[in-house]
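Next come two complexes built around chain A: one with chain B, the other with chain C.
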Partner chain A sequence: MGLFEAIGIAGSGLTAERVRMDVTAENLANADTTKAAGGLPYQRQEVELKQAGEEGFSSALSGAIKQAESGPPAGGVEVTGVVSDATPDQQVYDPGSPEADAQGYVKMPNISTVTEMTDLISESQSYQSDVTAMQTAKSMFTATLGVLK
Partner chain B sequence: MDLVDSTQQLLETAMRGSWQRQTALTSNIANADTPGYKRQEVNFESELQSAMSGGEPLDQVQFATEVQPEEAGPNGTSVSVDEESAKLAENGLDYQALAQVLSARNSIVSAAIGVTP
Partner chain C sequence: MIVPAIGGLAGGLSERVTNGVTGQTGSSPAAGAEGVGGLESTAGLGGASGVGGAGASAGTAGLGGPGGAGGVEGTGGVEGGAGGSGGGSGSFGSELSEAISSLEGTQLSADSAAQSLAAGTAKDPESAVVTVEDAQMAMDMAAQLRTKAAEAAQSIFQTQV
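Here is the complex of A and B:
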């Protein structure tokens, strides 16, 4: 049990929430992007999270080997990847648009601004909870140091 | 009476348990959005009590971090951030109280043996 483990775990939470906020910002910025990679409409991105250092022999072994390397401590959270949301594109009827097909429909990204905004609120609240956990750990350290006085 | 009596040891062991609980609660908060995560708990008070009544040496007591088999909520985890934050605040204050009592006892011993703290 490391003395600074709790701060590391809260730190991994901060990193994960920040990545989620970055991705949400990207989604919001590209809510109307009709030409992304391959000339297709932008696809909503989502962050995959995983508990760091999950039980199991191989992960325990690689965790022990990797201990010196940087990475979230066991019990923390890690971002395993950013994946595309497979929801189909929205079809918007706008015959005046230069992007419109023969029937007058424009393919728009599969993004709902409301979903992104609510995600953003929950991410910022989770971030604050992690900060609070870190502050509590700090005041506990201070109390420990106070025993020495 | 020994200089380090059983109350002193009890305080130290309780601080260790409280620290372990702090780590578990921080994990719960960090994984509040991780799908499939199950919350962890350290119930050190009952383990400490059984160790005391069983006469075990307190400095060798190990506390277990238990994974709670609770149903996942709508967000895919069994963690409620509000509940965890409340427990975290409570545990932090508990720890500080223990540290202060330990500190007070230390200064009493210091005064008795003539060391100005």
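Here is the complex of A and C:
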């Protein structure tokens, strides 16, 4: 990336927020799904984010040297994976349902629509702020080029 | 040694501008190759004038070249002769060719990103946007540097003798 580091970093943020948005949409769509993988209720999915960069001793050492020379390393954010939320399923009393157990309870996914909606807002705002960071970096660069005119 | 930059950069720029006008993504690699080729020929000319040590021969070569860019290259030859360093492929030249080839790289990846975006095969639209922005900004900077170098050449041409 070199010259335009900030734009690449903001871009990685955009990608991460889009993946989060995908997962939230999946959660919302499956809020009432009682038959997911293995015949169990759908389990809420969450995105794991990580600061981008290499792992291991040698890269940590060279990173520290680099940091001493020219400021902190910058690589943006990356998605390491999508994991299941381990919260127990909700038990809803609905004896008329064909999926009710002997006591009349139906196992529903561990999804709260309110949580998903607030996640949605947070993702949208983060995406916006990444776009703003990208635009600001670009206008800074353009302003610098304007000096040459 | 700034002046030879103009010829090479101008060659590369005009190719890219033509590219942009026609919007032909397919023709881009050939155009890029020509741009780099132009730069190499400039370096070769500088080397020749450095060995010859005479501005006149370089000037003739410049006149023989097609159009205004050739004239600028000739002036580059004069500068090389005055410097007397000889080596046309000096560190500045290699720096410049590196910069041009990286510019070329950004343009090509922007091309392929735009193409995959248009074809609907892009898995990650954000990075396509970043790539295109990158290419545009690198292009802007190269254009500004070219303008600045052209201004410097103009002020040399206007020297009263």
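Everything below uses one rule, namely that the second predicted complex is superposed on the first by the 126 of 149 C-alpha atoms of A that agree within 3 Å, B and C clash if a C-alpha of one lies under 4 Å from a C-alpha of the other, contacts with A are read in each partner's own complex, and residues count from 1 in each chain.
Criterion: a residue touches a chain if its C-beta (ideal position, glycine included) is under 8 Å from a C-beta of that chain, and two chains touch if they have at least 3 such contacts.
Predicted model, so just to flag it, every value in this text is computed and none were measured.
After superposition onto chain A, the partners chain B and chain C occupy separate space and fit alongside each other. Of the two partner chains, chain B is the only one touched by A:Q51; chain C is not. Of the two partner chains placed by superposition, only chain B is touched by A:M140; chain C is not.
Applying the stated contact rule after C-alpha superposition, one finds that A:V82 touches neither chain B nor chain C.
Once chain A of one complex is fitted onto chain A of the other, the partner contacts of A:K149 extend to both chain B and chain C. Once the two complexes are laid over each other on the shared chain, residue contacts for A:L28 go to neither chain B nor chain C.
A count of residues in chain A touched by chain B and by chain C gives the higher number to B.
After overlaying the two complexes on the shared chain, residue contacts for A:S126 are found with chain B alone; chain C is out of touch. Judged by the touch definition given at the top, the superposed model places A:F4 against chain C, while chain B stays out of reach. Once the two complexes are overlaid on the shared chain, A:R18 sits against chain C while remaining clear of chain B. After superposing the two complexes on their shared chain, the closest approach between C-alpha atoms of chain B and chain C is 5 Å. Residues 1, 10, 134, 149 of chain A lie at the contact with chain B in one complex and at the contact with chain C in the other. Partner chain A is touched in their complex by these residues of chain C: 124, 126-127, 129-130, 133-134, 137-138, 140-141, 144-145, 147-148. Across the complex, chain A meets chain C through its residues 1, 3-4, 7-8, 10-11, 14-15, 18, 134, 138, 141-142, 145, 148-149. Those residues of chain A that touch chain B in the shared complex are 1, 5-6, 9-10, 12-13, 16-17, 20, 49-51, 75-77, 122-123, 125-126, 129-130, 132-134, 136-137, 139-140, 143-144, 146-147, 149.
By the touch criterion stated above, chain B contacts chain A in their complex at residues 15-16, 19-20, 22-27, 29-35, 37, 40, 81, 84-85, 88-89, 91-92, 95-96, 99-100, 102-103, 106, 117.
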